[in-house]
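Chains here go by letter, A, B, C, D and E, matching the order in which they are written, and residues are numbered from 1 within each.
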Amino acid sequence: MATNMPADMVTSLVLILLLPLAGFAIQMFFGTRLPRKGDWLSTGLIGISLVLGIVMFIRTLGVFDAGYARQVHWPWIDIGGFRVGMGILFDNLTAVMLMVVGIVSFLVHLFSIGYLHGDVRYSRYFGYLGIFSFSMLGLVLCDNLLALYVFWELVGLSSYLLIGHWFEKKSASDAAKKAFLTTRIGDVGMFIGIMILYAKLGTFRFDEIFAAVADGEIGGSLLTWAGVGLFCGAIGKSAQFPLHVWLPDAMEGPTPVSALIHAATMVAAGVYMVGRLFLLFTPEALLVIAYIGLITAVMAASIAIVQTDIKKALAYSTISQLGYMITALGVGGYTAGLFHLMTHAFFKALLFLGSGSVIHAVHSQEMPDMGGLRKKMPVTFWTFLVATLAISGVPGLSGFFSKDMILGASLAFGMEHSSHLIIFLLLLVTAGVTAFYMFRVVFLTFLGRPRDEERYAHAHESPAVMTIPLTVLAVLAVGSAWGGWFQALVVKPELGQYRTAAVAPAVPGGEHGEAHAGEHHEAVHDETTIPDALHADPEGHETHVAGGDHADHGAAHRAHQIAMITSILAAGLGILLAWLFYGRRLFSAETVRRRLAAVHLLLSKKYYFDEIYAVGVVGTTLWVSRAARAFDTHVVDGAVNGTAWRARGFSWFIGLFDNTVIDGMVNGVAGTVTAWGRQFRRIQTGKIQNYLLGLVAVALILAFVRLVRGF
Amino acid sequence: MIPLQGYLVIAAVLFVLGLFCVMTRRNAVTILMGIELILNSANVNFIAFARYCAPDIQGHVFAIFVIIMAAAEAAIALAIVLNLYKRINSIDVDEVDMMRG
Amino acid sequence: MEGLEQLGTYLVLDILPSIRWFVPEIILFAGFTLAIFADLTTDKPGATRSAWVALGSLVAALAATIAGMGAALPEGLGGLSLFRGAVVFDPLANFFKVLFLVATILVVILILRSRDFGLRKMGELHALLLVVAAGLCLMASSTHLLLLYLSLEMVSYVSYVLVGYVKEDRRASEAGLKYVLFGSVSSGAMIFGLSILYGLTGEMNLTKIGAALAVSPGTEPAVLVASFLVMAGIGYKIAAVPFHFWCPDVYEGAPTPLTAFLSVAPKAAGFAMLARVTIHLFGQAGSLLAIDWPLVMAVFSALTMTLGNVIAVQQSNVKRLLAYSSIAHAGYLLMGLACVDRATGTLSERGLFGVLFYLVVYLFMNLGAFAVVIALREKVSDEEEIDSYRGIGPRAPLLGVAMAIFLFSLTGLPPLAGFVGKFFLFAAVIEAELYWLAVVGILNSVISLYYYARILKAMYLERVDETGEAPPLRLAPSHSVLLVVLAAPTVLLGIFWAPLAGLVQRSVGFLF
Amino acid sequence: MSDEIRLGVFLGFGMITLVSGAVVALARTIIYSVFALLFTFFGVAGLYVLLHADFLAATQVMIYVGGILVLLLFGVMLTHKIATVQLRSASMQRGPAALICGGLLALLLYVIFKTPWPVKELGPATPTVQRIGRYLMTDYLLAFEVISVLLFAVLVGAALMARRETNR
Amino acid sequence: MTGHVLSWTTFFPLIGMAVILAMPRNRPNLIKWTAAAASAVPLVLSVWIFVNFDRGEAGLQFVERVPWIRAFNIEYFMGIDGLSVPMVILTALLSFLCMFASWNINKMVKGYFALFLLLETGMMGVFCALDFFLFFVFWEVMLLPMYFLIGIWGGPRREYAAIKFFLYTLLGSVLMLLSMIALYLMHDPHTFDMTRLWTEYGVYGRTFQLIVYVALFIGFAIKVPVFPFHTWLPDAHVEAPTAISVILAGVLLKMGIYGMLRISYPILPVATVYFAYGLAVLGVINILYGALCAMAQKDLKKLVAYSSISHMGYCLLGMAALTPAGMNGAVLQMFNHGTTTAMLFLLVGVIYDRAHHRDIEGFGGLATQMPVYTGIVTVAFFASLGLPGLSGFISEALVFLGAFPVFQTLTIIAVIGIVLTAGYILWTLQRMFLGTLNEKYKSLPDINGRELFTLVPLAIIVIVLGVWPMPVLDLMRRSLGWIAEMAQRV
């Protein structure tokens, strides 16, 4: 796709991108000197970006063409053998994402003005929000893998800064560090994926990569590894199964931050990436994605049930919902996954801001301290209730539409490949559990009797600047899914669009065979070491990747209806149970907790992931680094300059290592020199006799050597 | 007729005796005697070669010069020995090891 | 009667022309006697009259030698042989003569400025120095067995006296004794070797002996034993291992200017004689390789270098340290003589060039180091322990910088002359494919850095008192001038050494 | 003289030289060494006579016996109090020294008997003094002059070392 | 003047040194300003070179050639190409900034600045010399001042660190001397002229190339430093004064790699290709070993030293790949590491001047007390862990993308290194700057004007090159392409 973006669109997109960055720069240098510490400036700038975003969105709505895409590309690094460019790709998906990021970011800016009023680093906080918005918008707009990676890491940086905003608390700085490092591990996988693609295809641009995939230049296991590699990035950023541990700790940051980053935008980046690069995932890769998503969804939902901290509960709910979206994409439900991304962004942001306003009022995050706030905080309660209804998938609200589509897609996938029916079933259960724990939160926080009189006394409704965003989000949570505009605009891309070479359709079995042909003509022999564990299902069932086989369209429709019915049932059951446990207190949560104590402990300890990682990953690296240091100071240094250095008072292992190995090597090079020196010096006895003896002796030896050799 | 090797053997033995004397005696003067033995052995060599091998008697001239040098050397050596004797009342070479290492 | 006419013609034909080229040595002998008389005429204790006489004659001899260098000489090995083959007048000999005379002049100046001798009559010292200078010149130019022995003994006997000159210092007398005994035994061994050579060929002139040996098969064992014994004599002079034992004690015992002199001039003369013997005796193609000369010399060189450096690391007395360092440098020089040109089978031209060049450079840097020791003699708590040098650097900037230049040049670091010298030696060794020797050489220069830097560490890095600056050290103006005179060539030759290279090339080129 | 007698005399002088040489090296007291040295010099002089080196034999006797031996005797006497005449100068490290010297001797003997010395047929014995004189004045003139200077220097040096420091 | 720009750049500091030596001892300020002026001129000249350098030309420019010693045809042969221009600029810039960083030296001020200017001449000479003998002389000229600068003005164990540095580097350089002579002798009219050594590379046999390559490699590896030869670096850095460790890390470490690219690659192509894999392995070891050791350090300066070892590992990996991206990545990494580490050491110097200790655990919560200082430290730390948007990322990405096609497994292992780097940097950032303020440092003044003057230019370079690296990449790409092509001739 040549650069066919009209000039005015280019300017407005670049403006959208750079305004928050300008905000960041100004805040960092002159923030404190501005009136009201410049919060109006940042909010204003993100506001303008939002308006421009809405204009662009309306424009795409106007065109209303699924295949709509405009692109512009500039050269960046060109050193002969290596060429990289930077560019903007604007299609329907980008428009939607601009809208979502813009709205949530703007509302969070507004909310923060109230929430962080009087904070010691008030202006710097808005600066960080600015750079976050810039990175997130950049990530959404970029048209090549390298730019994606650049913005990917910048988003990681801004989350580090924002989580660690109140760095006086050790837990906050630990959480920030943990977030950055965990996502970085994911980024390693992503970079490896990028390297594989670049090494094979020589380009980073999405369109050129899709074209190459379409032409079959790359395929089979190499493409799968690249896909899995890129997906690792998503695992890290969207807190999927192995690397999800950082998200709950990230709640240390201010609540608006959690709302913005850990609900709506940043964590969604992973889903967006899978969506954007959908075409290069081979069936095997898609299966891996599906199962990872599934495990995450189920696990997170189970943990959310037992959480007492409101923000932790919402965090685990987010992880679970993300698992939902990832599974959707995994089973081929492209539109379903991205649709859920949008709707989830709105109602989860609302939930977080709601909890923020509650915390702001009650000054505690623990649900046991709350209860009965309905009367004290009506607006917060009603908006919170709307969001909970949406997330539980109550028909009519946005959540229902997107979650239903996901269940439909997974059922269709399950029906086609019977061995994968488990996906649909578990998703269904999770839907129910979601409804249960969300309503548990509502009951514990807003309904029932206030458990802490003193806090309840001075609880009060949040000021307007905080409630307005709540209401706006509530409206969006309800209405954003109506009208089916999303399904029309965001349609699953086909490889065909990108096939450049006039390849005769006689390609054996169209895409069908391509997965199997598995021509391994990749010049690069790849023995990448991504562990096989990730590779869920070896025998590669091909899904109906590309659309077009209309024969079983009817089957999809039927699956859709079944899914809708079952999802409503599940939601209802969940709400009922929550009401029984916490509303009417018919069953006491206490007894259940006692009887299933083991399970409860396991869940409350979050399956001991944190402990395993702390001992396993962090512990071993620190131990290896201490061993490296000891090795460096004793053996390498000791051996070379031969100092007889005693490792006193060192751990038993190092001590053992020290006595056995180092004593042997203690007289290193310089050591021998000084030792020789001492020996030779002794023969210099100062007595003349020995001199003469020495003289003749050595001369004689030399003579004999020569005689014997010579003749 | 006395073969050349006869003289050479005597010279060689004398040389070795001189060397042995130098190495084993602790008295500086005895060492000087050892040196004289060595010089004498060299002279015997020269004269023997002048007689048996060389076209002319240049060996004799060399021997004369060696004898003169031996005298000069004895003079210098004794002067130094006596000087040292005045300092440390003994010329036992073993004690002359203040500088070492 | 007919003997007389024959004698007359011989006088006119042979002796007079030879004398014309023998002027420098004659000046020195005359100077010697003059110095003795000059000393007799005054009885003031610290009289320096004899010193000026000595300096005068040395300068005159130097002028004569330089004048002689210009003369056109017959090409080839023999050069202009004087006194019927006893001595030869060729560019190599002239080069060495200039070297010795310059060294002696510098040492006489050092003696003038040093406090080592206290207030005793110095007449004899200057006179005897002249005799040693003459002896050195003879050593460089003699090609006759007897002359070799005489010149060697002339230098040795007089240096025994010079070493023990400060009679009341016990260490000096002890050094004298050791020097005498060791020297006499070595020269005794040398004469025995010479007698064997005479026996084998019946000739006294080195070139003739060389020619005779080439045609007499089966004499290899005898030649080898003879050359070993001769090597004992020369090795003692060079202080090469295993003939080096006397060196540290004598260097420590002798007065510092004398030690400086011993470490430079006689050592260079030893190399001149060794080169002379190897060129003339084993001049014929392949004779060197027959007795496996490269290996023997390489082993000597490696032993000398390593032992010198390794023990020097242990030393805490500066003079003993410089003694072992001079042994080590003898090792580096021997590297040059171990190089045999594979094609012609004779001593390689680049090797000899390296030796000559290195000797000049070594002269300046070594004398420089000793000059610093002398200059500090009464400024520091007298004995020459390295620790007593602590904190000198900042207090005497000129002296500190000079010492740094000398020591870094001795280590062989570029912009300084020592590096260029070592560069030529290593180039020769690599060209002669003695790779293992080259590696031993470079390892030694690294070890040498350790003990040279120890002195600098004491001077600069260690501070006696952490408090304020100690009072700056005032140096006698003449000392400063002397240091500059020695430091300048050490730096200059490191940057631009084309003229010296040209001179050395001319004095070596004619042989090949 | 007939050959047998010459051989007998040669062996006689040879034995005298070597035995007394051994005594010099091994004698316990220094006085024995000095006298043994006397006999060594005489033995060597005898050998010179056998080798028709008449002038050399005379020089040997005069300078060595007359000069150097007396000098050494003074040396010995001056450096020891008369009372302890039989001073025991213990020998040192005899073992290794003997080993070394034995090895060296073997080496020299090997060389002596192995190398083809260019022996020429022996001419009649002729007085050598005149020829030595001629050499001294022709080929060895330079050596002659040099040694004269050397002796002068040695005299100065020895005097310097021996004189008592008067003008302190 | 323009004809001899290189000679002026190299020898102007020497003139400055002479002027300083002539000055009276008791006027430290005058001495400091003259030294600053003396090092300002090479900076101006290097900027002039940067502007006038012809980007299209792969070969040598600003060449000056004067016969020095005709007998051994040694020439004073100076010239630069794409590879040396960034290094010349880096040297000039860091030297100029370090003059200001050493403003509070009060002991033997004259000696310090004189030696510093001599050091600058040595460094500049190494990057401009094209005659192997001249290269070697400049290479060693740097050793003398460095020994004294560490030895006299250093920290408590300065003598040990100084002599250790000297011995290591000398061992390396004597090996280089042997190989220099070997190369010199192999050519018919013996020559040191590198351009001829490049063209007549056919003269050497295969084993000769391997042996000389190894000898040269050890010489350069000690300087880089590569894993087994690195133990001198932490000691030298910890004991050296701030300005010296900036120069040591900023410029001296680059000489090893510059030497290999300038000498080993073009002259010994067969050996280069033969040892390429080995070099990559060493590079990866450097990356991981450096990062691991850094993680366990208590002293901040030692941590930065080990991080330098890790960063130089990237250069080795990039260089070993011989692909355009790899080579350009390696040289860009040299430049970026130069600026980033210079900032880090200057920052360590700032905190050391205030708290008089460098123990990481001893600090805490400095962000509240010294906000501006923390800001700059964050920029420096994030640049060194390779955050996109800052220069570190560009070179690391280029190295990885260049090395991956050639060494798949090694590059994947190396990529893991970026997590370790992020680990120890963030952990240090947390222990020193985040958390509650240690009451001992209630009164610590924030960064002052002079220190800012030394740091801001570097910060600007790091950020600008992160966004738009072409100005520097454009300089070097043709020359590096030429070197890579030469290194692969058979």
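FYI, contacts are C-beta pairs under 8 Å (C-beta built on N, C-alpha and C of every residue); 3 or more make two chains touch, one makes a residue touch a chain.
Just so it is clear, the model here is predicted, and its values are computed rather than measured.
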Query raised in the report: Which chain's C-alpha centroid is most distant from that of chain B?
Result: A
Query raised in the report: For which chain is the distance between its Cα centroid and the global protein Cα centroid smallest?
Result: E
Query - Best-connected chain pair, where connection means C-beta pairs in contact - result: B-D
Report task. Specify the chain most distant from chain E by Cα centroid. Result -> D
Report summary line: dist(centroid_CA(chain C), centroid_CA(chain E)) in Å evaluates to 44
**Report entry** Centroid spacing, where centroids are CA-atom means, of chain A and chain B in whole angstrom
**Finding:** 96
Report task. Quick one: report the Å distance separating chain B from chain E, using the average Cα coordinate of each chain. Result -> 66
Report summary line: Between the Cα centroids of chain B and chain C the separation in whole angstrom comes to 26
**Report entry** Shared-contact residues (touching 2 or more other chains) in chain C
**Finding:** 146, 150, 153, 157, 160-161, 164, 167-168, 177-178, 181, 185, 196, 199-200, 202, 204, 221, 225, 248-249, 314, 450
Requested in this report: Provide the list of chain A residues touching at least two other chains, using ranges where the numbers run on.
Outcome: 670, 681, 684, 686, 688-689, 692-693, 696-697, 703, 707
Query raised in the report: Which residues does chain D have that touch at least 2 chains other than itself?
Result: 92-93, 97, 100, 104, 107-108, 110, 117-118, 139-140, 143, 147, 150, 154, 157-158, 161
Query - Residues on chain B engaged by chain D in the complex (per definition of touch) - result: 1-2, 4-10, 12-21, 23-30, 32-34, 36-37, 40, 43-44, 47-53, 55-58, 60-61, 63-65, 67-72, 74-76, 78-83, 85, 91-92, 94
Report summary line: Within their complex, chain B touches chain C through residues 8, 11, 15, 18-19, 22, 28, 31-32, 34-35, 38-39, 41-42, 45-46, 48-49, 53-56, 58-59, 61-62, 65-66, 69, 72-73, 76-77, 79-81, 83-84, 87-88, 91, 93, 96, 98-101
Query raised in the report: What residues on chain E touch chain C, complex-wise?
Result: 68-72, 108, 111, 136-137, 139-141, 143-144, 147-148, 151-152, 158-159, 162-163, 166-167, 170-171, 174-175, 177-178, 181-182, 184-185
Query - In the complex, chain D residues that touch chain B - result: 3, 6-7, 10, 14, 17-18, 21-22, 24-25, 30, 33-34, 37, 40-41, 44, 47-48, 50-53, 55-56, 59-60, 63-64, 67-68, 71-72, 74-76, 78-79, 89-94, 97-98, 100-102, 104-105, 108-109, 112-113, 117-120, 122, 128, 131-132, 135-136, 139-140, 143, 147, 150-151, 154-155, 157-158, 161-162
Query raised in the report: chain E touches which residues of chain C in the complex?
Result: 394, 404, 408, 411, 413-415, 419, 423, 426-427, 430-431, 438-439, 442-443, 445-446, 449-450, 453, 457, 460-462, 496-498, 501-502, 505
